[in-house]
Structures are given as structure tokens and as C-alpha cells.
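Next come the structures, one after another.
You will see subunit A twice below: alongside subunit B first, and alongside subunit C after that.
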Partner chain A sequence: MSAVPSTWAHTRILLRKDLVAEWRTKERLSPMVFFVLLVLLVFNFGFELGGAALWEIGPGVLWTSFVFASLFGLQRTFAAEGANDCLDGLLAAPVERGALYLAKMLGNVLFLLGVELLTLPMFGLFFNLTPGLYLLPLFVVFLLGSASVASIGTLFAAMAGHSRLREFLLPLLVLPMLIPALISCVAATGVILEGGIPGRGTELWPAELTVHVGMLGLFAVVFTTLAWMLFDFVIEE
Partner chain B sequence: MISLPMSRILSIVVTLAMLVAVCAVFLYAPTERQMGDVQRIFYFHVSAALSAATAYFLVFLGSVQYLRTRADRWDRFAKVSAELGIAFSAFVLFSGPLWARPIWGVFWRWEPRLTTMLITFTIYVAYLMVRSYGEPGERTQRFAAVVGIVAFVNVPLVHYSINMWAADQQLHPPKVELDPAMLYTKLICYFTFACLFTLLMRLRLQQERQAARLEALSRRTQQ
Partner chain C sequence: MELRAESVHKRFGTAVALAGVDLTAAADTHLLLAGANGAGKTTLLRLFAGLTGPTEGRVMIGGQDPRRSTAQRWRLGLLSHQTLLYDDLTAAENLRFFGGLYGLGVETVSSALVAVDLADHAEAKVGGFSRGMKQRLALARATLHTPEVLLLDEPFTGLDRRSARTLSTRLLERTRQPGVSSVLVTHNVEEAAQFVNRVIILRGGRVVCDEPWSARDGALLQALCDHHQEVPR
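Let's turn to the complex of A and B:
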């Protein structure tokens, strides 16, 4: 009997539980999507947006909105387990702690990805984004960006409930630690959006993209592995 | 306890070394040709940056050791190192702009090394906040250790990504061949800061140890 399939099986069951709960309650996705819409509105009044702004500050606006929205979503990672001592039940069950982390982390990735895909059209509308195939690599950036946010976010979310800082703790930890990923996300998105400038060569994968996406992948892999290893120490009771 | 005379010896060494260092920086080291007198701030600036980097490594070491052994002393070790790291980083972030104003013409630029220092500083401030706003006890110590490890692993990534982000902004003076007098001054300053670091570390550890003992005592008397 090898341990790997059982971890993965546990992860799938836990993930399914969270997805079903979300599907029935829509407690996280809808508020997050609405929040991104509001942040985009605020940015619109903070800066005079339009035309050239898309390439100047568009990627920054997009990722700032995503990161702030994700902080709210991450906050809820373990909130549902608080009721009826569900977390204690989970910990008492013969489930590997690592599987719990992976399930929660993958759940966060899916939620963030959902928010990003649902709000991209709004962003496109406000910034007059030209639709086109050149936007396809954005999905890779979204996926790896979400994985980066979720990797450390899920780990720290498990701590937040026990601090007197409560919901303050998560942003204080996540925001500075996320800087390397954020830089890569913004840079990669910038490269992709520039493909929409009329007269630009329509390469599907501009060469400059590789280094930023590589950095993002590195961040996601390093911190998912590290958080997965350290998660035991966070929830051991 | 034998540690008290040791600390006293160390504090005398630090006092003397600091006097020598100040004299060396202002009297012995020659004036730099391009930057002039303001370059002298570098002797302290770089020494403090090295001390801060050492401190952050010690936080990592203390955190790993705490998770392995669960001994309170490693937790105190990590905490004290983080405090020192923040103190020395604050000095770096303060002395940097003082030098930058006459040389770059502005106090602050989003230059890679400066930015890396600032981000690292904020990460370790968050680390101390995890400690000070957590309920005192074993759980907060575990959380802090986890943050201490993640934070240290993040430092090279921060450094690398910021270099990529602002490659054209690289404004720190490149490595140059130093005049022997400058080199000796630099080494004196390194030595002085190393002694200062060790002394502060010892004193804070002593304080923390005594605080822990006091708390254990008062808990025992209450029972």
C-alpha cells in the first residue's frame, strides 16, 4: 500500500466537500466577484482611466483588485470548519494533514481562478480591451498567480483565527510575502496586454513572457511544497 | 551565572571598537574621490546590512530548531534575532537615504537593493506581529516558527524578482578596488558591528530568559 494515492484520494474527497458547499451557498465566489467589480470602480475614480491607461496601469489595477479580493476569500478558507467544531472532526478523522492543506489550497486556487475569469470581461469592458487570441496566455498567468496566492494564503489562513489581530493578520503576512509573485503577475500581464496594441506582432507567446511565468511557477511550486510540509505544525493540537 | 562578566567584557570591547571605528571612518579613511565625505556613511551602512542579513538567517535557524526540538530557548533565540534584524534594517533604511540625497539627488528610489531591504523589513515586522498579537503559549511559538521559515525562503525570491523588475534602476555602487586604508576601516567596522550584534543578542536573550523564569515562578506561586 503506498501513501501517495491515499493522500490524493483524501484530497479529492475534501476538495469535493468544499466545492459542493460553495456550490450550494455561494458564500465566497459571489462576494469576491462583486468586490473586484467595486475595486475596479474605485480605481476608475482614483485615476482617469481609458485608452492608454490599459497598458500603463491596467495590469496593476487588475492584480491589485485580485489580490485584495483573494484576501477576503482566503479569510474564509477555514471559517466554515469553525461551526460545530468541524475542524476538530476533520483532525480526528484518519486524514493526513497534508491532504487537508492540499484540498484547501486547491479549493482556493479554483475560487480565485473563477473570480479572475468572471471579472476579466468587466475589466475588458472598463478598459476597452480588444478581445483576441493574444489573451490566451493570460489563463496560464491566472492559474499560476492563483496558485501563488493560495500557496502561502492557505497556510497563513489557518493561523489567522488564533490571533488577536483576527482578519488583520492575513493581509499583514500575505501582502509582503507575495511581492515576488505580484511583480511577475503584473509584468506577465503587461507583456500579454501589449499584444493588443494595434500593429504589434501577433505572437501567441511573446519571448519575454517565459521569464515572468517561470518566476511565477517557481514561487508557486516552492511555497506550495514548503507550506505543505509546514502545515502539520500549524494545525497540530 | 557566568554570562554576566562575559557580557561586561563584551560591552567594553564594543565601546572601544566603536571609538576606534568612528575615528577610522572620519580620520583615517581617505575621502572618496567622486562621492566625497558622504561615502563614509557606507562603512556603517554596509556593516548594518550584513548584521541584518545575519539576524534573518538566525531567525530561520531558530525557527527550524524550535520545530525540531520544541525547546523554548530556540523560540526566544528566533524572536531576539528578528528584533535585531529589524533594528539593523531600520538603520540601513535610514542611512541609505541620507547617502542617496546628495548622490542620487533624491532620498528614495525604487532601486533593487533598497526595495529588497524594505520588503524584507516589512516581512519581519509582520513576523513580530504574529508573535506579539498571538495568545502567549506554545501555539503562537509554532506559528512564529512557520512564518520565520517561510519568510527566509522568500528573501532570495524577493531579491531576484525585484532585480528583474527594476534592472535599469541598479544604482548601488559596483564592487571596486578599495584603497588599503578604506579596506581596513571597512574591516574594523565589520568587527565592531559583529561585536555589537553579539552583545545585544546576549543581553536580550538574558532578559527573555529571566522573563520566562519569572513567569514560571509566578505561575508556581499562584497554584
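Let's turn to the complex of A and C:
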């Protein structure tokens, strides 16, 4: 009998399989990117964008579109496992349920991060965002924001997957739970975008950013740990 | 490896799937789980596979709960009427993926594909395979790690006679290895006669018949199953 691979080795194998499948089908990334672009386009026509709108409503617009787009991706988290009962194949294999959660969660982080990075230039175009080094901390906010969404979203995607009303149930479960993280994401993004106001200080990491990023980090760590512990019960029944 | 179910009850909401099943099967036992639809056959098999837990009682594989022990799950191979394969991946990728989960090297993949006559289709996506090819690949996936216990849930469903015979021959090769046990759930009882050495018939979530079986006569086995399904206990 070969040694049973470690949880981390299983996580890597499961994640790699999801990335290969996504690379072939683009069935998660494409709808998410197009959804964000459409929302930005609608806001562009619905509001007078540019100028002060960038830091007044820009962060809210950006994160609203990311969170709603993430629901498309989250809905598809276990879609491949649903077909042909592949989930049974994984659960019968010597894989810790936690490894399955981590792989799916990391996959969701990567897909969401990809969407955010791909659509940021369009956001910049609509909102007259001045490019500059002051935007660098945005990547930290994107990473932690994506991890927060994925931590809760992956668990509830597994839970809603058993329900006939999953398309309705998932947003209903995820969105209220995400509000604290969403507030931190919007506030942190607002602080960063204000760095582009002419005459503002040129510091790369404004002091007030630390609180919001810290909150996001805490949210991501706490909910990832909780979801990882609960995943066993959710996935089996 | 020993399979054991002790006073196993399983309920789904108000529906009772198993109502106090006791069963012990030593190594080299080849069990047929027969019974009408809803008798609890697949539920019992899923419990042995560690896919779900009992509402009451205990299910053990080699003395441990398969849900909690990855080492015990390593010893199981699950073949179902569903292929448990990813349609978007190629045959080789599917086997490499599942092999990786069992800690096997990539070298096992090519020999497994040869064994099920799919070496020429290694780089083809599984989504384009016929039902018979998929089920052969599913067998390769289920037996890649040479499991000690094979759990077979209606593996012949949807196969034509020729494909069913091919699969049945390959399954027989696997289950006849020394130390290997199997649990077969099927409605195709005649097909099962050659595999099994013990017959368990379930009705309403209870065992109504538990008998050794040595005959290869499928019609006789079918008659036994029909008798226990139709006659009140």
C-alpha cells in the first residue's frame, strides 16, 4: 500500500484538476468577467462617473460587481463533482474532507482574483482612475477580499448544492454573512483610491488602511477555519 | 478485510432506508446485496464506502469507521453505475488525478489503460466515450490502487450484453484475487451468480435472507431473490 498523501498534497492535486478543467472550459471565469464589465457599463450610463465619483461611489460599485459576479463562480464550485457523481469518487478516496474544502476555496480565490485583475483596467477607464504606485495596496485588498468571499462562499456552495433552490439559496446565505467583509473592502479601496487625488500625500500604505486590511485578514482567517471544520458535516449529508 | 455493520439504522428525514442491519463479512467474501427498489441496498453500500454515516449503529471496515479513516478508505474501490469520472479530462488525466489521490505514480496509469483496452484513447476526453468505454475506464479508476474491498453499485446498468460481458470478465479477474472481498448491488441477479459466494436480500431496510452461495446458476439465484422479495417474512 502506498502512503496516503498529505492533506496539502491532496489540496494541490484537487486544485490543479480544477484549474486544468477551467483552462479548457472557461465556464467560470468568462461569465464572471463579463458580468463585472456589464455592471461597470451600466453604472457608466446610469451615473455621471469620473471626478469625485471615483472615490465616492467607485469602491462600492467595484465591490458590488465583484461580490455578485463571485456568486456565478461559487454556484459552479461543485458543478464538476455533481456530474457523474464524481463527488462520491472523491469522498470514497483517502482524501480528508478538509483538503477538498481548501482546494475548492483556493480555486475560488484564484478565479475571483483573476476577475478583479482583468476588470480593473475597465473600471479605471470608466472612473478616470489615474494609474500610479498608490494603487499597489489594492492587490492586498483584492486578495483578502477574495479570500473572505471564498471562505464563506465555498462552504455555502457545498451546502446549497444539495438543495433544489441552490441558485436562490446561495446568495441568501452568502450575502448577509459577507457584509462585514464588504464594508472593509469598500473602505480600504476608498482609502487607496483617495491616494490619486491631486495634492494628497504620496505614502504607499496610508495609516487608516491597516485597520481595514486587518479586519479583512481576520475575517478571512476566522471564516476559513470555521468553514474548514464544518465542511465534514456539510459535504456528507 | 472484514466488513461489519452493527445494528445499522439509516433515515432520510422521515423515510427509513435501513432498519437495524447486522452483517459481518470476512475477507474473500463476495456479497450480493439484492432486493427491490428502496430496499436499502445502495444505502448500505454507501455506508461501507464512507460516503455517509448511519443514523444509529456502526459501520466498520477492518475495524474502523471508513468515514474517519483515510487509511481504510485507501483499501476500498468504488465502481458505480455512474462513472465517477470527469468528462472534461482525458482518460489518462482522470487516472492520473485519482492515482495522485491514492499516492500512486503516473506509471500505473498506462498499465491500467492497457488492462481495460483503452491505451489508444488515453488522450481523448472522457465526455466523448461510449457508455461501455466509460465503464471500463471507471473500472480502471476503481482498481488502480488494487483495493482489498470492491464496492460495486449496479455496474452493469446501461451496458449492452457485449459490454456487460467484457466488464463482467474483468471484474471477475479482480474479485478472484486472493484477499479481495466485494459487495455487489445489482438487479441483474443472473449476471451476479458468477461473482458471489454469499447472498443477502434486503426488504424494507431489513435483512430477510443471508445465505452462502456456491452455484453458478443465475436462474436459481434469481429464483431465490424473487422468493424472498415476494413472500412475507
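The definition used in the following text is that the second predicted complex is superposed on the first by the 230 of 237 C-alpha atoms of A that agree within 3 Å, B and C clash if a C-alpha of one lies under 4 Å from a C-alpha of the other, contacts with A are read in each partner's own complex, and residues count from 1 in each chain.
As a working rule, a contact is a pair of C-beta atoms (placed from the backbone, for glycine too) under 8 Å apart; a residue touches a chain by one contact, two chains touch by 3 or more.
Just so it is clear, the model here is predicted, and its values are computed rather than measured.
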First, second, both or neither for A:L218, with subunit B first and subunit C second: first
Which of subunit B and subunit C A:T25 touches, first, second, both or neither: second
First (subunit B), second (subunit C), both or neither touched by A:E236: both
Partner chain in contact with A:S163 - subunit B first, subunit C second, else both or neither: first
Subunit B versus subunit C as contact partner of A:L226, first or second or both or neither: first
First (subunit B), second (subunit C), both or neither touched by A:K17: second
First (subunit B), second (subunit C), both or neither touched by A:K104: neither
Shared subunit A contacts, counted only where both subunit B and subunit C touch the same residue: 236
Complex contact set, residues of subunit A against subunit C: 1-5, 9-10, 13-14, 17, 20-21, 24-25, 80, 83-86, 88-96, 236-237
Complex contacts: residues of subunit A adjacent to subunit B: 152, 155-156, 159, 162-165, 169, 172-173, 176-177, 179-181, 183-184, 187, 211-212, 215, 218-219, 222-223, 226-227, 230, 233-234, 236
Interface residues, subunit B side, partner subunit A - complex: 67, 119, 122-123, 126, 129-130, 133-135, 139-140, 142-143, 145-147, 149-151, 153-154, 157-158, 160-162, 164-165
Contact set on subunit C toward subunit A in their complex: 46, 49-53, 67, 70-71, 73-76, 78, 80, 82-89, 93, 97-98, 100-104, 141, 145, 151
